[in-house]
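Below, chain A partners chain B and then partners chain C, in two separate complexes.
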Partner chain A sequence: MQLSFTSLIPLLPFFLSPVSASTAPAAADYHEQLNLKPLPQNSLLASFNFRSNTSLPEFEAHNFRFFPRSLGQILQHAGTRELHLRFSLGRWDAETWGARPWDGTKEGGTGVELWAWLDAESDAEADQKWLTLTNALSGLFCASLNFIDSTRTTRPVMSFRPEGDHPNTTMDNMHLLHGVLPREVVCTENLTPFLKLLPCKGKAGVSSLLDGHKLFDASWQSMAIDVKPVCPVGEECVLQIEQTIDMVLDIERSKRPRDNPIPRPIPGHELKCNTTKPYHAEDTCFPTDSLNAQEWTLDQIFGKHMLGNCPLTDPKTPPVCIQAPHSRDVFTSMDVQELKESGNENQRCYLLPSNEEEFHLALPFMPRDGDRPKTDADEFVQPATPLLYAERSLTGHGQEHGGVQAILTNPSPDSEVEFVYMESLPWFMRIYLHTLKARISHRTGSDAGQTLRDDDEVIQEIYYRPFLDRKRGTQLEIRMKIPPGSTVFMSYDFEKTILRYTEYPPDANRGFDVAAAVITILPSNSTAAAAAAVGKVARTSNLRTTGMLLNLPTPDFSMPYNVIIFTSTCIALAFGGLYNILVRRFVGRDEGPEVSLVKLRRRLQEAVQKLKGRIQEKLGVASKEAKKLEAKSD
Partner chain B sequence: MAKDNSSLQATTGTAGLFVVAAALRLLLFTAFPGLPNLLTGRVEISTPVTSFKRLQEGLFLYNHNVSPYDGGVYHQAPLLLPLFSLLPDPSTYPIFTYILYILVDLLSANALYKIAESKEGAISRLYTSPRKEKRWSGYIVAALFLLNPFTIATCVGRPTSVFTTCAILHAVAKALSGNIFTSMLSLSFAAYLSMYPLLLLPPMVILAYDRTYNPKAPKSLGQLAGMCTLVVGGSLGLLFLSSYALTGSWEFLSSTYGIQLTLTDLTPNAGLWWYFFTEMFDSFRSFFLGVFWLHLSSYTPALTIRLRQQPLAVTTLLLGIFAIFKPYPSIADTSLFLSLVPCFRHVFPLLRYSFVTSSVVLYGTFLGPAFYHLWIYAGSGNANFFYAITLVWSLGLSLLVSDLAFAILRDEWEVERPEMRGKEIRQI
Partner chain C sequence: MSVDLQNDGDSKPIISPDAATVSLPATGIATTTTPERKEPPPEKEADTRRRSWIVLSFWLITVFIGLPVWWNTTTIYRANLPLTQMTDWADGKACEPVFPLRIALDVGAMPEQEAQNLLRLTQHALDDLNDFSGHHLRLQLAQAPATEAAAASVRDDSNVALTIRLAPGDAAHAASSSLHPHLPILDVQYPPNSLPTANSPSSGLATYIATQLGSTFAEEQNIISYLLETSSITPEHRPKGISQEVVESVSKRMTRQLKYSQTYHLTFSLFTNGPIPSSWDIEAAIDEYMKPVLDMLRPIHNFTIDTQVQLYASPGVQSQVLGKEDLSSFINAAEWPLSPSIGGAPTVNFIIYIGNQTIGVPSEASPAETSQSWMIPQWGSVYLLAPPPAEAAHVSSETLKQPILTFTSHLLTLLGTPQSGSLPLRLSTLARIRSADLLLRASSSLGSLARLTLALPSISIPSNVADGVVKTIQHLELACASLGGGASSQSLEHARVAEREAERAFFEKSMVGQLYFPDEHKIAVYLPLLGPIGVPLVMGLLNEIKAWKSRRSQKLKAA
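Let's turn to the complex of A and B:
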């Protein structure tokens, strides 16, 4: 049923055209774009962005237009004002790749992350709607979102702000709920429903490049769905859905042909050797670090061809852009119009003809030697430095106590950075907030990174909602300020809980996944002031640490019966022993009635005695007879 | 004059003992700065309902206006919070906490001294032991308590169970001195702190009754029991009300006492409950919780009735039972039990298994930490290693309890049958 509905959506505008022509906004309602950005170390960032919108009154009247009906109905049913859903895998290597795409606002922690603003009168109603929403989305996206229960749901206070434009009247009744499933493995079954929400469904346009084999083989990938109301100044409010896929491809890995996917050693004649090494010879080779020279074509790395334009897209938006210096050679197929923006030195976009021919894009090998040698600067744009580096790890050993340490570095030489660090931890990680410590090391100044000292200035504000066993997890939000060029080491202790044996997953000794910490970098005072002057709210940027794997002590799963029996025996022995002593009467050993066992022993002894007597008697008789015989024979 | 002299000597001797015990503890605290925190982390000493680290967390939350009972870490009585927030922060000035714990230990020893000196162990109102000459003085009993490694480890590990120990010993000491009201107040403090001492009420009432018995104007036991129950109920009510005023909600009831009833926190300890309920099937959990609590409380009426003549023996045996079968036992409970056992020096010759019990307890003491290490840190053993040791430990202690009960009963029996002294007997 759902299938037939969604497939109708592209046709809907045509059916509705007499009605909607007058009310529809002038701008086209669907945009899609692929942004390619070569990164150092043979990586390539591909950002797909699909955006469509429908005006709010039409949405209320169930005229969904390009807005996916299946999702729209869920949102209406669950009273969702704003929705953000993320499916992520891998780790963004900020040291090499620099700042994150979209300032990190379109990425999630490893696994599935969902947060939404729900329209509800009370917390209980919000919880009810949240349950509805997670269960419906779970079915729609083939993800275990229904496992986001009360222990995984938090209500962040400082970390998230609505991105859409909400009227003040609805703001009062909006409840923010946030849930993470760090253990969820994002895979092809999540991509298929994601593509189905698109008007062109992966059959044409840039979405035709998306393929599960390549997407989930990437070094890092994040699929995002954001639904929010947008009210442009002087125009009608629209409900906007933005679907984004960001992936960092390892080019060498992606170029591996599909029929021969197993990595094998490179044949000797194809090895690139460093000839400057003294031991370089015919049979010895030191492989060169030739990772930087990139050479690829679009269909090589995605494993598919791009099938022309999506006919529903806004014809003025170029579907493919590449961010590389203009000195980088880029070849495309015929009839493709190259647009170079005057303001942006490093951006080139390609407008495709409206026919449905395949689009080709090739970046040839640029030799680093020869008569016109190229450098890295010709090949890719130097990645921007992020505002903050963050990493988080577990400390300590053993399955009893542990600690978490987050290392947060402000790389900027002159401006401080303010952010909110949010952790939502499972209840079985019992954290001790009194052990929370922030120590700082300055990279510049008198002590230049030599010493760590406790600093009370770093932590500005803490919001803490402690866990309750089996009911809710810990929610910890810390607003921090790091001075320029400094590193903060934040740490706290926790205790590992032993669970009931039925609460462990089947592979208990693998450990439990702990969700990534969400860091929301607040706009600096100058940017906030500049934005306020234009009448906007300055945007925040995000970043997430990696998840953690927590090892808990495990009971022996094989012996519940044995334990029940042993413990019961122990108790019975103690109780029985004491009961005997309390209840029975004392008598002397030779007094009182005989116990059957003693009686039996005595009888046995008597019988033995009797038997002995008889045997002796017989023996006595026998010996007498023998004597008689002897006497006779004599 | 001679009597005064000896009592003076005894007082100076005890003072010397207290000084030595305090100095030993202070030395351990200061010479090994890592030791208090190491022992605080040991599961044999700190349980979820007594741990000092959890107390610090509760204190931190309390001082930052977060309700400590709205979280899963703090399960201790609310009145401990203002008491400890009066002290300077333990992480910066630990010496004040050390001194508090040493003082509490000395107070307990003092109460124990009085208990031993009252000779209640051998001579009660209704019963005089034929072996009453054989007894240890208060000095020896207090020394056995203060120099017991279990007591010292407990003091250094700083669990809040020492307050319960102190309150129970004072309740006994006050009942022995005929001070019923103070005794009941002390008992309700103990019950307020850890709930299970409430089961000590019947023997305590009998103890108080026996010690205040006036043959010329006999009062009824029922009347006294009613009065004591009222006093305990009233003071508990007052304590709860003040806790309510302090925290602003009744949440502390379920967090402090509910956890002992439902055992939601399964942190390993020296007792039998944690692994049993880790491995228990979900549908039987509530049934067995009921059975375990019923089992624990069934000893009180049984022992009180059978040993009516010796209420101090009932108290001692019950404390031994609690040290084995309560939901979150620790060696603090064992040391409380062991501290009262020397009051029954006269029955020691009647113990049948003293060698077996002492070796089993020693075996458990040494192998417990080793097997816990194998399970949690080395990874070369599993949970069954530690579980097996807790079984052995519990069996050893229960053997000691039943052996003591046997010895006390036989002693009682020999009053009727003096000719059976030293002869072999049996029970029918």
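Let's turn to the complex of A and C:
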């Protein structure tokens, strides 16, 4: 740490007008921002947001400036009005980390998720365009998006709404298609094309921090691309591409040096032990729970330095913000302005000088003891409670009967939550809709946590599109309402199909990935009314469960040859016996021709006898000759 | 079976525990002495016949039911292809590639008799000059006086490739000619006294016109001869050989040009090393400097144009002065977003790179190239532009003039346009060359498909391949016929369809998948079944034949 820190807290906070990311006007052509948010248990949420606009006439004329041409060409070719693409990895730990960034609207299920509104006259035309789109995107992003075929494509009815501003004339011809690849492993080769779409290409600005090694080492990460038309009131409509990367870094893990990334056991004297344990001794250690906050710097956890500002952005917008209590010490490099917002107590932003010097940010170690001991409240802002907790798991038994149980908890003590739960299941999960059950357990009231009872009130509406073997998967959308402080256990059964030999993937025994369920939380009546009063549509928020790994009965793959040989043997046995009985003549043992084996043995014996005789003869001759010789010599 | 046994055994059962115990010691000592063997009792006539029927019926079932079922379930579907027709096309027997070009002679106010005479003599001189039968120039008298408007209308039905406009000039000067820059017209000024008399065998004017025509169409002739030379056509159907130098120069140009396509995407990219300049006036520059040429090319190709600005782009070569070998690696394919074609049409890339680098190669090899730009064969072209003064973030339309003009000339080269002649002539030549090229390509694809069909008897041929082949041949015939008719654009259209169909037939997906199925697998599948079933069947048949033979010989002996 050989930096010269000049701006110490609380040094000259600049109270400027609000410059929050969410209220930035859409008219600016390019915008980028990095939001850092320390989370409990030494985690750090880093949200990168990049937004470029192009006016619609420029887009129609194929003139691309900040909007990436490679993507724009594909969108035009496939008649795409709005596009959402997600690459995700890991699990968001809602219990510890709280509510999701961007209300969960910028994340996808594990793997790759794509949904788009296509401009088409008919369903068949939409399918054709969808095929073109997935194939082209697969080439652009080095992902197997071309494997999104009809079995993985659904047309959600309740879950997704267009985010952009579409004129009413085009709305009628817009078809929504949604596809998921839960098996796809998101990796560095997806990040490279993602960075290529940015005007500054990871060479300057906050994108210079992005590095595949750190990004895909994160506990959870999600890359999102959203393309939508935006029409600000009283201004020209623009096409907006928003690229977002969110990741939760384990600070300790990220700080591992790059040249020595293998985790090694901590030497004994560095271990932090819980000394209150009775068995604590020189050679016994119980690790402490309460980890002290780590010190970290920007280049330590990202493995790279941030190379100044991207010159295309509005110089008034701060590129880096951190959400931490004001009591948290933060050091930055010279010439950096710190902006504190009057409205948001916990946010600090940093305005960089317009040169290409490296930007440094460091959060030092804060001692928990001593003169002014610090607490957790000084380290991070307590994360907000999410609107809903959701988990989903497989139940069932044996090779045939399976089941799915989703546990949905409304943590709010006073408001109910209404949402749409969407599953798109593969066709080889034959679900029985009549087994769909929702049982509710109240956390408060007379039967608190005691009973589970069936509740018809919970499920409000079901949209179900059954599977067709090898053609399309099941689509299940359920609108539910959960009363405050209750947990709903929703379950259904399914039957596992035996697939054809060639339909198994190369590592069939690993299991089949089932896509995450998408939960869209609808705005409550009060917020919807409040939004309508301002003339806006209230935003929905999303969350996704984890994916599932389904084990199907897997055959032994040498099976075809075994079957061929086994049946052939059976046929041969039956046929040979039958045919011989029909054709052979049965006679007495001494009457029939000699059995060939006996004959063979006799012949062999005869031959041996003959050979013996000959050898003896030869030997005899030889001895005679020898005798003769002896006689001669005598 | 039990009935059989009782019938056969006259007094005692054949197989009885007694018999077994009795014969046991016999086998025990069989090693030294052969046991007494009894002859089995004679078989009844009915039994022998029944056994023959059984063997026969088994064989009949195998041959008449088993074999056909096996055959039907395992044969690969092979649609009938017109193989001889296909090879005929590939060998050039089906179509004589002849390009008779009509050239109108507009004599102005010359008397009819003299005009006819001049026409006859010029045609004669032309035939003497031209030794390539495939490319034939035919003169005719113009119907109407060749005003510019008329020439323009004539170009539309494209029956006449070129109009020669004769005008009497100064007697003192020798004949001179010039090509009209915007219309397919050759203006010839002749001294009035050089007109041929009624029965003179030759004329200076006629020879002059013939030589002029010959030189005008020389390049086209060379290219077409080269195409025929390198095609799959057998030597006897080829024109006479062309000289080695011509082949070399033409082949150099042919390898540069892009594969024919109806539509090309033109992508103009501005790459800069740093953050500026980030905008340019490309639309205006293209409209002004490139659009006119693109509009002229419209009957042959369609173009879509898109432009992009890419900042922070580092080239593949960092050195200040670019050597010859650096030029090929200058494009940083890994980082620059120059995605390839979409929707089947190839992309032509035009790159303006703003940086301080210069080219250190003297470009005397191809004087058309300036020292700031170079062309990448079959891909596009690069232009190095010096950084704009100061902190200017915008590139103006005037700065782009030179690059766009260079790109225009590179585009014509990439499309395979001939280098000499006026622009309309070059374009009509381009249409003819392209239709000949497509025709030959489609024919050779047909030939390859025919060879593939013959070479791989185990490959399946779906019916849509056969459809494609039929369609190809049909369009090839139309294209070949309209080559002769002179309606170039129509023959181009047919050749285009034929080529597309031929490619689609050749690259049929389901054919490629089943290309390889090794015979070892077949053995592994068939042997376990056919072995155990085949051996009893064959042995039964052999025994039966043996028995039948012995019975016959016994009968003969008895007789």
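Here is the rule we use: the second predicted complex is superposed on the first by the 523 of 634 C-alpha atoms of A that agree within 3 Å, B and C clash if a C-alpha of one lies under 4 Å from a C-alpha of the other, contacts with A are read in each partner's own complex, and residues count from 1 in each chain.
The definition used in the following text is that contacts are C-beta pairs under 8 Å (C-beta built on N, C-alpha and C of every residue); 3 or more make two chains touch, one makes a residue touch a chain.
Note that this is a predicted model, so its numbers are computed, not measured.
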Touched partner set for A:588, first chain B, second chain C, both or neither: both
Which superposed partner A:50 touches (first chain B, second chain C, both, neither): neither
Touched partner set for A:419, first chain B, second chain C, both or neither: neither
Which of chain B and chain C A:571 touches, first, second, both or neither: both
Touched partner set for A:77, first chain B, second chain C, both or neither: second
Contacts of A:220 with chain B and chain C, given as first, second, both or neither: neither
Touched partner set for A:433, first chain B, second chain C, both or neither: first
Partner chain(s) touched by A:559 [first = chain B, second = chain C, both, neither]: first
Which of chain B and chain C A:140 touches, first, second, both or neither: second
Common interface positions of chain A, toward chain B and toward chain C: 564, 567, 571, 573, 575, 579-582, 585-589, 592
Sites on chain C touched by chain A in the complex: 1, 4-5, 8, 14-15, 19-20, 23, 26-27, 30-31, 34-41, 43, 47, 51, 54-55, 58, 265, 267, 269, 275-276, 278-279, 282-283, 304-313, 335, 337, 339, 342-343, 524-525, 528-529, 531-533, 536-537, 540, 543-544
Of chain A, residues touching chain B in the complex: 397-401, 427, 430, 432-434, 464, 466-470, 495, 497-502, 553-556, 559-560, 563-564, 566-567, 570-571, 573-575, 577-582, 584-589, 592-593, 595
Residues of chain A defined as touching chain C within the complex: 61-66, 68-70, 72-74, 77, 132, 136, 139-140, 196-197, 199-201, 203-204, 310-312, 561, 564-565, 567-569, 571-573, 575-576, 579-583, 585-592, 594, 598, 602, 605
Interface residues, chain B side, partner chain A - complex: 41, 43, 53, 56-57, 59-61, 66, 70-73, 91, 264-268, 272, 274-282, 295, 299, 302-303, 306, 324-325, 375-377, 382-384, 387, 391, 394-395, 398-399, 401-402, 405-406, 409-410, 413, 417, 420, 423-428
